[in-house]
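In what follows, subunit A forms one complex with subunit B and a second complex with subunit C.
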Partner chain A sequence: MTPVLETRGLAAGYGGRSVISDINVTLNPSEVLCVIGHNGAGKSTMLKTMFGLISPDAGSVHIDGEDVTKLNPRDIAELGVAMVPEGRGVFPSLSVSDIFALGMHAVGVPKAERAERLEWVLGILPAIREFMERPASTLSGGQQQMVSIGRALLPRPRILLMDEPSIGLAPKLFQDLLAPVRKLQQEEGLSILLVEQNVREALKISDRALVVKSGAIAWTGEPEELADNKRLIELY
Partner chain B sequence: MLALQLAVTGLQTGALYALTAVGFSLIFGSTRIFHFAHGATFAIAAYFFYFVFQAGFGTVPAILGASAGAIAFGLLIYWLVYVPVQRHEGSFFTVFVASFGVGIAVQNLLGMVFGRGFVTVNTSLSRSSEILPGLYVAPLAWVAIACAIVFLGALHLFLRHTHTGMALRALSDNPELVRIFGLSPQRISAIVFVIGSVLVVPAAIITSATTGLNPAIGHHVMLISLAASIVGGIGSVYGTLLAGLILGLAESMALLFVASQWTEAVTFAILFAFILIRPSGLLGRATAH
Partner chain C sequence: MEAYIFNLLNLIAIYGILAVSLNFIIGYAGIYSLAHAVFFGLGAYTSAWVGLNVTPSTFVTIPAAMLVAAIVSLVLALPALRVRGEYFVAASLGLQVIAVTVFSEWKSFTGGIGGVLAIPPVNLFGAEIYQPREFAIVSVIALLIVIAITLALVRSSFGRNLRAIRDSESAAASFGKNVPLIKTVAVVISAALAAVAGALYASFISFINVESFMLDTSVLLMAMVIIGGTGTFLGPLVGAALLLILPSAISYLSFLPQTEIGALQQIIYGLGMTLLMIFRPGGIVGRRSGT
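And now, the complex of A and B:
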């Protein structure tokens, strides 16, 4: 089986300072892969490099076996990848409907399909209907995260990269937000790479997990194994 | 009647200040680039208009020439100066010094080509006529006010109702998120420089036909733009618009109380008052962005 997303010997950093090195990750079709690790372990850098936001110092990124290392985020998005960034992935000065309109325009969703896509997302996350015309700055943290996930789903991606979506959210709210995404994974074959610090909640929905420590992969395996192993728990 | 005369003059000046300052504020608010050479854009547009008009090509070619000069300069300074400086992770101060340097170079170049003295474009629109007893207004005053309404109204519609306008507002909020959306911050910034440069063109042309030009005019324009941006609220386009109008009116109305050489001091008195009493400006955010 060809992984939908794969990195080979990936290394990246900022201003000459190495943050991740020799990262080899595979994400299989319709899989939820959870990446966990301490603050500063390099999880977000890994995700940003996969999405073309950071140019790697070494190694390569592959989507469906194709080398996409030199592509920019727009080109990667066109291959069916979307990213929910860390923090609140919304523009405070724009209304929710503007954010969705801009999100579809940015990745080239044809005009004729935009209304239908919007309805599809509002069907998955119906609560958004209540605050479509409000500026994002006036929304609660949970609502902003919902908009961020909704925007990422608009192009109907095959691969969803999520960077710590639980930050600032109660565990119940986090699970409520992930439930529709999990449903898409099960029903439509969406592959999800989930970076999380909230290990307990993340492992509940993961098929596989990997631990990143000091910029390198320290362990990879089944979520159950990770939850019960004291030596592994120390890694994160 | 003197007060009414000064109010009309102040409105004309304020309209021109608003156009120029909104261009600067838009560029700074969206890109965080302290575009000190915005004054140079003004000077280039004004001298291009002067040159083409004096060469006898007529008003429309002169307007097109001024627009082309301003847009070309805005794009060139963005791609050839700011992008390389930012690529090397140049600080805010580095960008400012680079921009300041370009502004000085443009001033000297204009001085070499056109001389250092004042030049003026004479048109029939510059001549004042008595529209009420004791109230003299040149048609250019109405042109200035109409230009401000049309250009700033168009800018408002553009920012609110087009995808590019939304992208521009998004860039001012969070450049990295713009990339995550799949947009290019550099391309959006280039568009911002085009719009910011176009906004100074009517002000530059009208100034060339009213008060006249000299190569150092860019500095005055820049100081006014900076003052209006701070008084209006850093990064707030609508606040800057309002501040430009207020500063123009205040400068003119001050003549009721002080001699003409002190009018510019009024602008800076207002600026200092805002810095001390309301540092976030008229419509600015309460905290630094």
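And now, the complex of A and C:
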């Protein structure tokens, strides 16, 4: 089985300072892979490098086996990858409908399909309908995260990269937000790479987990094993 | 008195174009430039050169001015916009310093320190327009066109992109937006529109030299935008009008000692700006503090 997303010996950093090195990750079709680790372990850097937001210093990124290392985020998005960025990535001065329009325009969703896509997302996350015309700055944290997830789903991605979506949310709200995404994974084969610090909640929905420590992969395996193993718990 | 008022109106329209074009990048894209006077100057020098050496037709001088300013703005934008905000400010300051030196030394194009004299007036279909009253019609129409262009852009998907980038560059990039390209296009448009003001200024004054295009002009333009209200439609116009009228208005206050009027102007002007920024940081037209 060809992984939908794969990194081979990936290394990256900022301004000559190495943050991640020799990262080998595979994300299989319809899989939820959870990446956990301390603050500063390199989780977000790994995700950003996969999405083309940071140029790697070494190694490569592959989508469906094709090398996409040199592609920019727009090109990667057009291959069916979407990202829910850390900090929700909503624009305070824009209304929710503007944010959605921006999201569809960014990845070239044809005009004729935009209304249908919007309805599809509102069907998955119906609560958004109530605050479509409100500026994002007036929304609660949970509503903003819902918008961020909804925006990422608009192009109907095959691969969803989520960077700490639980930040600032109660566990129940976090699970409520992830439930529709989980449903898409189960029914439509969406593959999800979930970077999280909220290990307990993240492992509940993951098929596989890996631990990043000091910019390198320290462990990979089953979520149950990770949750029960005291030595592993110390790693994160 | 009538000529004075129309002269002032022309200057408000010309500086209004500059403030509107600067607000396009400051207010909607969050790009703070200290080089706007460079594009103002490039527009003025280019249109003067074309007017004196090629044709006085305004339909040629203004597009030529816009083209040159757009090309030079690319030189600034392409490398500088790949870095974050404060680095662009520094890069634009560098361009401003270099441009002043070039404007002062490139005698064959700019006339050096002495400047360029006898610049042809606005020429529309062979008719020369140099009287302040008639010129005011041209300058106000030009201002309205520039406002219409910027409003159309701001309300389009391009404007939505700019506001998204202003709010969060990293989030816009995670949407798949080509942030450097969008910012570069915004800077090029802003510079080309500033060149329109330069071309009008050269035609109106008929004499230009480097003193009109120095760093203090760039700072004055930024002050117009910030005091008026960044990211607002009326703010830059109010800022331009206020900062052009205020110094003259102060000189009419009869109770002020005429020998000290220059220093008093500066003190009142500076104090007014400081108080405004404390009590209305969003500018005169912008939102009140805390709302």
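Rule of thumb we're sticking to: the second predicted complex is superposed on the first by the 236 of 236 C-alpha atoms of A that agree within 3 Å, B and C clash if a C-alpha of one lies under 4 Å from a C-alpha of the other, contacts with A are read in each partner's own complex, and residues count from 1 in each chain.
Quick note on the criterion: contacts are C-beta pairs under 8 Å (C-beta built on N, C-alpha and C of every residue); 3 or more make two chains touch, one makes a residue touch a chain.
Computed from a prediction, not measured in an experiment: that's the story for all the values here.
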Legend entry - subunit C versus subunit B on the shared subunit A, clash or fit after superposition: clash
Inset, instruction - Quick one: classify A:Val107 as touching subunit B (first), subunit C (second), both or neither. - result: both
Inset, instruction - May I ask you to decide whether A:Ser93 touches subunit B, subunit C, both, or neither, giving the answer as first, second, both or neither? - result: both
Inset, instruction - Check the residue A:Pro85 against both partner chains and state whether it touches subunit B (first), subunit C (second), both, or neither. - result: both
Inset, instruction - Quick one: classify A:Pro73 as touching subunit B (first), subunit C (second), both or neither. - result: both
Legend entry - Partner chain in contact with A:Gly15 - subunit B first, subunit C second, else both or neither: first
Legend entry - Contacts of A:Phe51 with subunit B and subunit C, given as first, second, both or neither: both
Inset, instruction - Using the superposition on chain A described above, determine whether A:Asp207 touches subunit B (first), subunit C (second), both, or neither. - result: neither
Legend entry - Which of subunit B and subunit C A:Asp64 touches, first, second, both or neither: neither
Legend entry - Common ground on subunit A, meaning residues reached by subunit C in one complex and by subunit B in the other: 51, 53, 72-74, 77-78, 83, 85, 89-94, 98, 101-103, 105-107, 151
Legend entry - Residues of subunit C that touch subunit A when the two form their complex: 157, 160-161, 163-164, 166-168, 170-178
Inset, instruction - In the complex, go through subunit A and note every residue touching subunit C. - result: 51, 53, 72-74, 76-78, 83, 85, 87-94, 98-99, 101-103, 105-107, 151
Inset, instruction - Spell out the part of subunit A that touches subunit B in their complex, as residue ranges. - result: 15, 51, 53, 72-74, 77-78, 83, 85, 89-94, 98, 101-103, 105-107, 151
Legend entry - Complex contact set, residues of subunit B against subunit A: 89, 163, 166-167, 169-170, 172-174, 176-177, 179-184
